[in-house]
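A, B, C, D, E, F, G, H, I and J are the chain letters, set down in written order, and residue numbers restart from 1 in every chain.
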Amino acid sequence: MLFHVRMDVNLPPDLDPAVRADLVSREKARAVELQEKGVWPQLWRIVGEYANFSIFDVSSNDELHDLLTSLPLFPYLKIQVTPLATHPSKI
Amino acid sequence: MLFHVRMDVNLPPDLDPAVRADLVSREKARAVELQEKGVWPQLWRIVGEYANFSIFDVSSNDELHDLLTSLPLFPYLKIQVTPLATHPSKI
Amino acid sequence: MLFHVRMDVNLPPDLDPAVRADLVSREKARAVELQEKGVWPQLWRIVGEYANFSIFDVSSNDELHDLLTSLPLFPYLKIQVTPLATHPSKI
Amino acid sequence: MLFHVRMDVNLPPDLDPAVRADLVSREKARAVELQEKGVWPQLWRIVGEYANFSIFDVSSNDELHDLLTSLPLFPYLKIQVTPLATHPSKI
Amino acid sequence: MLFHVRMDVNLPPDLDPAVRADLVSREKARAVELQEKGVWPQLWRIVGEYANFSIFDVSSNDELHDLLTSLPLFPYLKIQVTPLATHPSKI
Amino acid sequence: MLFHVRMDVNLPPDLDPAVRADLVSREKARAVELQEKGVWPQLWRIVGEYANFSIFDVSSNDELHDLLTSLPLFPYLKIQVTPLATHPSKI
Amino acid sequence: MLFHVRMDVNLPPDLDPAVRADLVSREKARAVELQEKGVWPQLWRIVGEYANFSIFDVSSNDELHDLLTSLPLFPYLKIQVTPLATHPSKI
Amino acid sequence: MLFHVRMDVNLPPDLDPAVRADLVSREKARAVELQEKGVWPQLWRIVGEYANFSIFDVSSNDELHDLLTSLPLFPYLKIQVTPLATHPSKI
Amino acid sequence: MLFHVRMDVNLPPDLDPAVRADLVSREKARAVELQEKGVWPQLWRIVGEYANFSIFDVSSNDELHDLLTSLPLFPYLKIQVTPLATHPSKI
Amino acid sequence: MLFHVRMDVNLPPDLDPAVRADLVSREKARAVELQEKGVWPQLWRIVGEYANFSIFDVSSNDELHDLLTSLPLFPYLKIQVTPLATHPSKI
């Protein structure tokens, strides 16, 4: 079951660089892990913004919420979730 | 799996009264049918508006989309769907 | 008398972890207490957000305001209240 | 129990003048009736707009919804209801 | 001459409790004083928010501005003023 | 007493040209009349829009509302009124 | 080069059913054709709305504009285009 | 003196095709004429929309307003004008 | 050439009082100076807000930008500029 | 391939002046460099705002994203990118 997700990252510019580097590194590791598990099949950067559009493929709303809140950057994310259905013109 | 849905009904004031009555009557019948099936467990009128907040309980996004587009009033509805997860403080 | 409430929690990411843990723990205790009293019958997490949709069942506006401002997280909450009426198609 | 209500009237400029006059006249009669019953204690015109701020005094959300939908202009109104509580500094 | 005023209070959650208590206490005293003078005849709390709807009765725009900026909480208030006129259906 | 007013004119493009010409001509005559009376001292076109910023000088909110609703284009206007006070830096 | 596109379809409810059926049928044929050419690789229905999220894969902005305006439903579409870049965490 | 202008074209889908063709043809002729005069030096289509971003180079606000209202499509345009200044980093 | 300007002042409530007093005093001096030069002919306080509506009379966009950025409060201002043209009904 | 970019600079007023001067100086150097390379052909200041409208000319979305995130001020920028196509009336 697919969900469209927009994430905007709001890291304060004056965040301690070591804290920031650690957060970003752990975020990347988690993103790779979730892609490899197949639950985060699509991920694009929005040009000019520290933000992404993503597609998640999960079996329930609860699973999706658990995945999103497991992201190390979650406290700094503004997330907007949109449920997707099959499009009748999709080949 | 639960979804929060807001529906705003935009029937033009100059709609033919017979067409309107037929639409509203068929909408009510469909709403009753979906409640009886257990997929539309909650339904409230928003005070002062021709709008409702609803809870749907379905097994997939596709099922929810099919249910919502099956409503006779669908062409006149503005619908906003929000996926719900279990709240950690829910007893 | 039912009210629809959306609460968005805005805890600063740099809040002292002990203060945060205490706030969240007291919030949960209060949420359980109000559910047990029957005034907070429904409570859902919005997927991907630190936010909830709730239904409150109270006998007056004043009672609702007192309940909401009694929440330990109140200073960090953005709350939007919508009064609900019986829907004519509700079975 | 008090509610703050904003009503914006959207009558199409090309509405038949007789229909319009009838609607406005019946709206006024209903507004007078509800004021005399004590349920619509305050009513002000917003300067420069075909809109009003009102205070309603009712015993339930359902009563308020019934009153608002009983207004002859209801199909042309955009209504926003805000529940009010006693202010702690009110003398 | 009547004005509708919405005030939203934005006190930072980490404000020194003594400073906060002093501000709130002086605000209340000033609110009482202005009500007793008859210039602030109506004052309601918006349910679930640290905000109010108020009616002011003053003889000029300058007088209203002076009153609002005299409030001890003014630096923390977001204020929106709407001039009111007599409603033709008011009894 | 001064008020800042923004007016946006929404004449439908397919309005009968004679009706339109009559409306615009009567609007202009009324605008001239109100300027000559001194109640509409300032009036500017917003570049690229069928809209204006205006300053009205009236003795009460009711007088302003009567003036604005007396405009022949009133049914086609979106009007936003802002009360003005003396600026402390005005020479 | 990838672009994220949101399309909202605004077909008037009173559109002639034959005109509507023809439009929708030609839209579907064109959507299939563009998918087969590989320029419209992803296409999802937004649950509860007559809208879609799409991914287009084109070699230039001009090509994308030509594709979008070639859609039979174009006069009824509200389209929002967002350019996408490679995400650094994409595997 | 430069101005940034966004124009959104709102032609009703059911406009008579001959009227539409005439409008669009006259608009194009006028756009060419203004470019040749040097007052409309830049003009781009916004991808996926019936809209443009433009740069106008005029000697006064009045001249710009006259140019914009001289466009045959003006009654169907939503126009937003932003004055531009020299950027300190411009080479 | 006239421009309509709205300025909203956002001074942090916890700004050092001496810094604040100095800023406000220098802002006032600059405002007086620009009024005396004739480039800032109108200036009104918006009732209930730390904001103003102003009219500037300058010979170019660059001059206006230089004037606005010369204001001591500029780093704390949200400024919105609207170019004005002569209104055809102005007497 | 052209893109329209709006950048709003949000430097905190209390930023260390030396840090600020360094950021602004490096930003200017980078802006000059990108203009000289031909990828940033247009750049205008928005009157009254610490913001600009720009045109970028790049060969791909990825190139544009790399350029924008290479700006020294990037952590303080709100950026909005709009892809541009050739306008049919452009001479």
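Basically, a contact is a pair of C-beta atoms (placed from the backbone, for glycine too) under 8 Å apart; a residue touches a chain by one contact, two chains touch by 3 or more.
Computed from a predicted structure; not experimentally measured.
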item: Contact-graph distance - origin chain D, target chain G; value: 2
item: Other chains in touch with both chain D and chain J; value: none
item: Selected pair, out of H-J, D-F or D-E, that shares over half of its residue contact pairs with G-H; value: D-F
item: Interchain centroid distance [CA atoms averaged], chain C/chain J, Å; value: 43
item: Approximate Å spacing (C-alpha centroids) for the pair chain H, chain I; value: 29
item: Between chain G and chain C, distance of the C-alpha-averaged centres to the nearest whole Å; value: 40
item: Residues of chain H engaged with two or more neighbouring chains; value: 2-3, 45, 47, 61, 64-65, 81-86
item: Touching chain combinations (by label order); value: A-B, A-C, A-G, A-J, B-C, B-D, B-G, C-D, C-E, D-E, D-F, E-F, E-I, F-H, F-I, G-H, G-J, H-I, H-J, I-J
item: Residue ranges of chain F touching chain E (in the complex, touch as defined); value: 1-3, 60-62, 64-66, 81-86
item: Chain E partner contacts - residues on chain D that touch it in the complex; value: 2, 4, 27-28, 31-32, 35-36, 42-47, 52-53, 82-91
item: Residues on chain D engaged by chain F in the complex (per definition of touch); value: 11, 13, 45, 47-49
item: Touching residues on chain C, where the partner in the complex is chain E; value: 3, 5, 61, 64-65, 68-69, 75-76, 79-81
